[in-house]
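Dropping the structures in below, format is structure tokens.
Common to both upcoming complexes is chain A, partnered first by chain B, then by chain C.
Entry: the complex of A and B
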């Protein structure tokens, strides 16, 4: 057709593609930052089973339903499950990782201030899933 | 040819992108201390800004097109496909 111009369409496509690339790059960078665990992070083994969480610190200390950590340290969670799929979630610290039988998934965080936070299961895992909760207790550094 | 392009697009989305993503995200170098809440929520708000902006532009364009190219618009003209006197 004579007199027809499609440059607005190309501008439109260009803007949308540029936005998508920017969004992708931002997400990529955030993932890179969040996935890489600091070298001195303390490992805590997290086990999910119907219907409670248990924790084992590096020094062998075990906890059930409660997890004590200290401000200023980094913690790497090694998350596993003994029975069905669960999902380990500390909502206040945006920690969320599936607990899958036969697999070890990792996620890390560094608490910034003392306080108490909820731990919950975020994957429907059976009758008492709603009450598969725990407490994260962030304390002042001991030393 | 078009089918091939389509196929490669689907493959890129389902296979290549997750694979490349995993390869790059799973580096061995140690990370720095950071507040993941800040990183993740900031990303969320930026993505929401982009998402709503694009959504507003797209839906605005569609609404404008429906308004401008309706039959009863004062400047409406028949297209060659209609081929009738107006």
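Entry: the complex of A and C
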């Protein structure tokens, strides 16, 4: 080794490692909360197929392409696919979960304000992947 | 140092040669041809996305085929063969051996690339470079998909043969007076990346065969209709291709280790830290593959493990950046074209790494996964870091290969335009991802932010396209008509900053 001292590099590596530990700890803490599905969440079955989304509520109501939910409730999506991989995405609520044939994946969210949001497919699924879109309509509570 | 015989020879003498510089030249020309082919597909993609609706590409099937072949070409037919070119030229000289350890195997490894490239280009498959099952099994049209699988199979064998050759050349054929601790960092980078290839590639080779038999309907490894699991493919694929990221980037870092100290006219700040970071990256590179799969329904524990594995790779990459900056510190830097590309590459490497930390953090990944953020992120690596390092090194080795100098002004224009273009395209794509635009889409709804950012990205891509045309003109003109180079000191740095011995391996 050349004669110079290496302490600046050690300090620098220490700073980088500390930063990574901080990022990791924050991410762990946030993900722990996000992964915890509330017990009273209503289940909505989401099915992806080339190239549209269909939804089935707990009371048996079915919707295609549009999903109606209410402010103030928590919803648990059970996501399935009938053919190839898709990815169910409501970007405004950071809802993202792959729809994989043969599996049921879950993800949950709780809408906070009335409004409409885009639903899209974020995993390449073929010819009309680009237009595998839907609409989430968040409404005021009915009762 | 002279890397190529300057006397003109008939082309078949080069084609049928097994001499390391001849094979290097073949690798070099092939990889550059595929750089321009793959790059023109990128321009087509960007032109199509300039506005919502169909612009220059008629339908989504064509678009899907274009981005699949674009990615496959630039990764497997530009980046890897370019690194092999540099390795062929430099590794034997650096370890002071007359040739690669197995010259015939070396030529065979090269000659597997053109047929593989032909299979990929004549097939023009549409299932993305990830060949996502079950789409690739039940939906992707043949024979394009099968040709892609065979093409990748051949490229995998070629990579393994090349890797064996580099490992044996460096470990077994280095001069007896030379310890492994004296092997230059560029050769170390080839040793590290070759070892990663040998460990990583067989997994994907197996997955490709399973994919093929699934497509033929005789097995159902990844086909849920036959009891298989697409997630199994994801694990096999990423177990190969996350380490492969380091296979791509490590030689480019090695090339910067050749250029930065020379043009700073200082020895490298810490050789040991460079070696350590290469070895560390090669090991921790294997602990992070499933960070590509957070959204496939992994458990909290799995996600945590792979997040930690991913973040563990950051300090090693950061050590390289530190080493470069510390080497340049107080150096008498001469900003010629190769140095500009290397420094630009380091800046973009840092940006790409910073974005990668955001991807690795689990909750943020659900915002960025499969959006244009990811496209911007990995392009900052493959274009901003690897292509920048490679192109810089091409300018650096140009006088040694051709005996002539490239045009310095055109080289600098090429760099400035490419740098601006890269920032415009890929930084913008990060933002586009935060606005939720998915990857791999032929058309998009007319959301004003999406339109504006796509247009910025397209303008950036066209700037890169123009700069690459300047590059091509410079290379072609200068290799025939450029000023004769002083091969003892082509960059006017003072002779002692070059490779410390006169080396030229005779033809045999």
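The rule is short, and it goes like this: the second predicted complex is superposed on the first by the 138 of 143 C-alpha atoms of A that agree within 3 Å, B and C clash if a C-alpha of one lies under 4 Å from a C-alpha of the other, contacts with A are read in each partner's own complex, and residues count from 1 in each chain.
Quick note on the criterion: a contact is a pair of C-beta atoms (placed from the backbone, for glycine too) under 8 Å apart; a residue touches a chain by one contact, two chains touch by 3 or more.
Since the model is a prediction, treat every value here as computed from it, not as a measurement.
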Contacts of A:64 with chain B and chain C, given as first, second, both or neither: neither
Contacts of A:126 with chain B and chain C, given as first, second, both or neither: second
Contacts of A:25 with chain B and chain C, given as first, second, both or neither: neither
Touching partner for A:34 - first (chain B), second (chain C), both, neither: both
Touched partner set for A:94, first chain B, second chain C, both or neither: both
First (chain B), second (chain C), both or neither touched by A:11: neither
Contacts of A:112 with chain B and chain C, given as first, second, both or neither: first
Partner contacting more residues of chain A (chain B vs chain C): C
On chain A, positions contacted by chain B and by chain C: 12, 16, 23, 26-28, 30-32, 34-35, 92, 94-95
Residue ranges of chain A touching chain C (in the complex, touch as defined): 1-2, 6, 8-9, 12-13, 16-17, 20, 23-24, 26-28, 30-32, 34-35, 50, 83-85, 87, 89, 91-92, 94-98, 100-103, 105-106, 118, 120-131, 133
Residue ranges of chain A touching chain B (in the complex, touch as defined): 12, 16, 19, 22-23, 26-28, 30-39, 74, 92-95, 108-110, 112
Touching residues (chain side chain C, partner chain A) in the complex: 60-61, 64, 127-128, 132-135, 138-139, 224-225, 228-231, 267, 269-273, 295-297, 300, 303-304, 307-308, 311-312, 314-315, 318-319, 322-323, 326, 357, 360-364, 366-367, 369-371, 435-436, 438-445
Chain B residues touching chain A - in the complex, by the definition given at the top: 21, 24-27, 29-37, 39-43, 46-47, 50, 53-54, 57, 61
